[in-house]
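Each of the next two complexes has chain A plus one other chain: chain B in the first, chain C in the second.
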Partner chain A sequence: MLTYIIRRLLYSIPVLVATSFLIFTFVSITGDPLGRLRSNPNITAEQIHSIEHSKNLDKPVIVRYGYWIRDAVTKQFGTTLFGNRKIWPDLRRVMGHTLQFILSAIIISAILGIAIGVYSALRQYSLFDYTATTLSFVGFATPVFWLALMLQVLMVQIFLKWNVRVFYTSGLSSSVNAGHGFHFLLDRVQHLALPVIALCALSTATYSRFMRASMLEVLNSDYVRTARAKGLIERRVIMRHAFRNALIPLITVIAIDFGALFAGAIVTETIFTLDGMGFYFVNSLFASDPYPVMAWLMVVATMVIIFNLIADILYGVFDPRIRYE
Partner chain B sequence: MRSIPPSGAFAPNPTSPVPEPVLSIRDLVVEFSTEDGIVQAVDGVSYDLYPGETLGIVGESGSGKSVSTMSLLGLIPQPPGRIVRGEAMFQGKDLLKLSKKALRRIRGKDLAMVFQDPMTSLNPVLKIGFQIGEAIKTHNPKVKDDAVKQRAVDLLKLVGVPNPERRVDQYPHEFSGGMRQRAMIAMAIANEPSVLIADEPTTALDVTIQAQILEVLKKAQDETHAATILITHDLGLIAELADRVIVMYAGKVVEVGDVSTIFASPRHPYTVGLMDSLPKLTAAEEWLTPIPGQPPSLISRPPGCPFHPRCFLSQGRARCREEEPPLRPIDESAHLTACHFAEELEGRAGHLVEPVGAGT
Partner chain C sequence: MHRRKLWLLAGVVLAALALAATGSARVSGPDSASSSKAGTLVFGAEQGGGPDWCLNLILDVDCNAFWNVVFQTPVVRGAFLFTPQFNWKPDLISKAKLQVGPQRITYYIRKNAKWSDGTPVTGKDWKFTWQTAINPKYKDHIDPLGWEDIRSVVGSGKVVKVTFKRNFAGWKNLFSYILPQHALAGSDMLTVWNDCICNPKKGNAPIGDGPFLLTKFDRGSGVTLSKNTHGWYGKKAKLDSIVFRFITNTNSEIQAIRSGEVDAIYPQPQLALSDLRSQAGLKVVSHVGLQWEHIEIEQGTHGNPLAKQLWIRRALMQAFNRVAAAKALYGTLNPSVGPLQSLVRLKGEAGYANDFGKWNYSPAKIEAAMKAHNCSKGGDGIFTCNGTKVAFDFASTSGNALRTLAFTIFQDQAAKAGIQLRNAFVPAGTLFGSKLPAHDFDLAMFTYLVTVDPHYVVATFSCGNASNYTEYCNRNVTKWLGQSDRELNPGKRLKLITRVGKVLSSDVPMVPLYQRPTYLVYKTSVHGMVDNASSQGPSFNAENWSKG
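Moving on, here comes the complex of A and B:
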């Protein structure tokens, strides 16, 4: 198992090298970062040249790629093009925020989705099952920006009407009363609640559908019949024989979701002005600063690779038929 | 194997007077509701199972042989399945009227089952030893874990799994098909059941493995003295293992008798047809002789004898079309047939080669 993990990590090095090259070339050729300066009549051609020279923008792409890789490895992605702001501290901060955000969302929607899916399968064609099915389709069909806006409207209305602050509608913490310990935690929960709910709507719908289908298949399997024929109590048949097997396909879905969501739920983060990965990416794009965008893409690519690996490892943990030598 | 002491005094003895049956089924009717209508999978089946005997149930796919036994254990999904009526007396209780809890206590303990496909019948994520141990532990919760494991090892040894101390900690995918079926048998006999139901135990296996599994089944039976119901469509298997045979067709019992009687003088045209359709080693034939036509739809049963549209004996006689033949004694009392004109089959011997090693 350990050799497998090490081998997979080694394999991911060439993947990352190729990714870094593609990221750099594509981001470099898609736009001129100095375009806005060029069109500014107050800046002379001399000044532009001097900036180009100092930032090595006058060199060929392949040479600049070399500089960029060097900075990425030795100087933690270096600095932004404008303002010489260090990239890594910002990136690390937004990663932390996104992690809090999506971890809560995934844990909640996984628990809800699994519970709903299992119960739907056990009571197939019951009122609960039909309700869950309908609601999950509503969850699939609801655009996340609409849901986010509605949640904000709702909270604002509650605040205006009863003067009760249930959840905050934007940001990550209130600068005034974000104290320490429990108060800080409560404040964070109140801020994260709405974006998490918005994100959970879709994930819960997905996971519950997956779990239901998987559970139904397993419940009709021969080994569940064998377990019943042994005289096991039904709870044990469900939990030990059906549930564990039904969970296997969902593990992959959730782990890969995690990697993908790490790129930040861009829409959700923007609406709630969450200082996370998605928000950071959008801001960097608008600033037409290529280096934070590249650094962001590298981090996301690495996360996708890592979570795919985690998905494979978890697969092996749950399913003895898959052993990595 | 010393680990399994004889659990009952009913050693099979054909000369003794007829003992009390261990399992007695009367007028069992099982339906399934489907989109096309209600399927009568089992339609008024009655039979007895005597201590220590092997009862073969033979019939085509869909003749109701599996459903008739699985419904006893409460293993058919309800819905869509439904036990309409009937009685299944076992240890003085009617299995069909027991509560779920009471039935569960019997299941896997006194009534155990070996299923058709060992590749899918074992849980892929649990160790073999655990799955066998679970069968023991459920019915004997006080047994210590290492005793359970030791028993699992002993059982694996009994069913001929080599190196059982190591194999007990392996997963099903590390077992071959034949080995998995041995493990299934070990699981079934773990609690020394008084009735063992083997539902097509060799169908999914390689021909060369089938004979070995039969040996294991015989051995398991000898060790536990369980009365065995052997469900199969393989007449060779019946000849090899069974003492008595029930022939089922379209959810009904059409012929019952001792294995030697049935093979020597079948008295139902369907049984004759089954035997004729087997390849014969003694004759060089280019074509097999199948039974013409298809089994009837169990949704809209034809009136009269269910077999009459395919029957060579009927020859269009009105009685076959109109009147459903009851199961009646013929020749001798133990031989029953459900054919109006069974007597016309007199003198017609079965085409199968002599049963080898039939009986115990």
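Moving on, here comes the complex of A and C:
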């Protein structure tokens, strides 16, 4: 197992290097970090040339990539192009925020998805099954940005009619009097509720379909039939023999999802102005600053690789038929 | 039994959460105060807090963003302030005396102007600000315009004399941000005020000479200003604090003020804003600001050769129905937005003249001009002159809904006049980074954000200047503009500028379109808020804001 993990990690290094070079090149050639200066008629061309020179923007992309690699390795991704701000502390902050956001979304989606999937499988072709299936497809088909905007309008305005604030539409906490302890927690929940619901819609749809299919497959398997033939009560057959085994493929899907979502649900975070990974990425991209974009990319790529690896390992742990050599 | 208990427990938890949620929610609709603490105003800020964001406004190349000015006008003051009427108003000074031969400005600093730690604002701060601006270490971070023309700054008390090596007409732009010498001497300006406006010698305690102090900067979340309880030269702020909350998505910003999460917003013009006018409990104020939209006509070798001919540029001028476009784009948001008629002065500024008013949308006149130059209309309704189709690539920034709509309108208008416009929209980085500097365009539509001082006109229209993207060249215009930059008499300077404006309206190097309107939206429970459509922004009188 250890050899397998080490081998997988070693394979990921060239992947990271190649990805970083490609992205650095694309970001560098498509954006102009000095664009806003060029549109200012008071800033002269000489000044702009001087800035280009001082920030190495006049050097070939490959040379600038070399500078970036050096800073990334020795100076924790170095500093931003303007303002000379250290990148890593900001990235760490937004990672924490995104973690709160996606953890909540994934836990809720997983609970709902599993419950709906299992019940649908047990009551196959029932009214509940048809309704759940229809709703899952609605969940798949609904654009997140639309759902997010609708939630902002409907969920907030409905409660405001009764002069009650249940949800907030932006930010992670109240600007004024976010409170401490339980009040802080509650405030955070009120702020995260809508973005989590928006994100859950798609995830729940995915997980419930996965769980239903997996559960149906297991329910029709020989060992479940054997368990029933042995005279076990139905609840025990479902919970001990069917449910546990049906859960295996879903666990890996969730692990892979976690890595991917760590990139930040860019649309959701932008609409709800959540200070997370996606929002950070969008801000950096708008500033055409390749350095925070690159730092973000490396963190995300690493997380995707790690969680893919975790998914593979979990598969081996839960399914005794899988062995890594 | 077990299942029943489980349901019971779930019910209790849900009920407790619901009770806690509603109990903690003292917030209601826009009619009431959104802040649970009286005396705090929450302002939605469309920019701020990104990875590159820095607070130190003296580093105007790095940190000079409009919202930074809004955050800090109540904190760090300057010699002058722009008023909503686009005039200069003495701020930290009681008056400034101008002498000529050589140019010398004597600033009389207000006797009661002081920093929040009690240190008076003096000539030492003036000198330190100038020395910082010309420090070679910061040459790529500070625009040297005007600063390098200063020979000396003398005076350590309340009277300070600034002597220039050569005349600099835009002197009122200088010293708009005075640094505290006693707090910042010896500090690295590139890092010291990146995250705070503070005194590094006093454990980064907030410092300022305005009605508020910047007490908190949460990157990614917001900026908090707290009342300067130590006093400043003006009257004490009515509010205890102002929280500028970063909400960079305009739709979310609109939703935030609708739901009462913020007390005020100052968004970029968007059609969705029109709904707010009818919402009870909100007030919408709109004025034309200092951002002006225009179309540049490239006359150099990389542009369309037809545009070198004056009569074609005039035909283009008559191919755009600017009145109709302004109405279609901004009519519902601000019906007073109309076509801009000058390239050198904006509406609301002294010297604004109806220079371009002589050019109206007129397909008939274009047809007559085309025929006079032996051009003929093809089957598609587009003119052809000497075998060349009168067609132009129309560049602008992609992803901007209002610009896309503007292009669609102009394309239709021009086609009816026999001129074809082809969509050549590119990302903003490409337009400003390569197309404009390389003069690689036929027509380009974008916005200039300018200051009240007309210095920007010099760079934009002088022959051979790198910022003159159209490559327009008129020796007289260049001469008058050069003179205007050194003319210290405001009246004479304005005369030179307006003379240039008249010539430009004949030469047509650009098509002036309209000034973009500002939108200040605030709750009716907020008092004292005034829209300042200049580059100063709405916080210029933050000390007068109150709630209740």
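Keep this in mind: the second predicted complex is superposed on the first by the 314 of 325 C-alpha atoms of A that agree within 3 Å, B and C clash if a C-alpha of one lies under 4 Å from a C-alpha of the other, contacts with A are read in each partner's own complex, and residues count from 1 in each chain.
Here is the rule we use: contacts are C-beta pairs under 8 Å (C-beta built on N, C-alpha and C of every residue); 3 or more make two chains touch, one makes a residue touch a chain.
Everything numeric here is computed off the predicted structure, so don't read it as measured data.
Asks: Judging by the criteria at the top, classify the pair chain B and chain C on chain A as clash or fit.
Replies: Pair status: fit.
Asks: Let me test your reading of the model: by the given contact rule, A:Q76 touches which partner, first (chain B), second (chain C), both or neither?
Replies: Touch partners of A:Q76: none, neither chain B nor chain C.
Asks: Just checking: does A:A229 make contact with chain B only, chain C only, both, or neither of them? Give me first, second, both or neither.
Replies: In the superposition, A:A229 contacts chain B only.
Asks: Contacts for A:T30 in the overlay, against chain B (first) and chain C (second): which applies, first, second, both or neither?
Replies: A:T30: touches chain C, not chain B.
Asks: In the superposed arrangement, does A:D319 touch chain B (first), chain C (second), both or neither?
Replies: In the superposition, A:D319 touches chain B alone.
Asks: Scan A:Q100 for contacts with chain B and chain C and give back first, second, both or neither.
Replies: A:Q100 sits against neither chain B nor chain C.
Asks: See if chain A has more residues touched by chain B or by chain C, and give me that chain.
Replies: The partner making contact with more of chain A's residues is C.
Asks: In the overlaid three-chain picture, which partner chain does A:Y168 touch, first (chain B) or second (chain C), both, or neither?
Replies: A:Y168: touches chain C, not chain B.
Asks: Angle chain B-chain A-chain C between C-alpha centres, in steps of 10 degrees?
Replies: Roughly 160 degrees separate the directions to chain B and chain C.
Asks: Determine the nearest approach in Å between the Cα atoms of chain B and those of chain C after overlaying the two structures.
Replies: Minimum C-alpha separation, chain B to chain C, in the superposed model is 20 Å.
Asks: Where on chain A do chain B and chain C both make contact?
Replies: No residue of chain A touches both chain B and chain C.
Asks: If we count contacts the way the header does, which residues on chain A are in touch with chain C in the complex?
Replies: Chain A reaches chain C through residues 30-32, 34-47, 50-51, 54-55, 80-85, 87, 90, 93-94, 97, 149, 152-153, 156-157, 160-161, 163-166, 168-177, 182-183, 186-187, 190, 270-273, 275, 279-280, 283-284, 286-289, 292.
Asks: So in the complex, which bits of chain A are touching chain B?
Replies: Residues in contact with chain B: 220-223, 225-234, 236, 240-241, 244-245, 248, 318-321.
Asks: Spell out the residues on chain C that touch chain A in their complex, using ranges where they run on.
Replies: Against chain A, chain C makes touches at 20-22, 24-29, 32, 35-37, 40, 42, 49-54, 61-63, 139-140, 143-145, 190-191, 194, 219-222, 224, 243, 245-249, 251-253, 255-256, 258-262, 427-434, 436-437, 446-451, 455-456, 459-460, 466-467.
Asks: Any idea which chain B residues touch chain A in the complex?
Replies: Contact set of chain B toward chain A: 73-75, 77, 100, 104-109, 112-113, 115, 117, 120-126, 134-135, 138-139, 171, 173, 184, 187.
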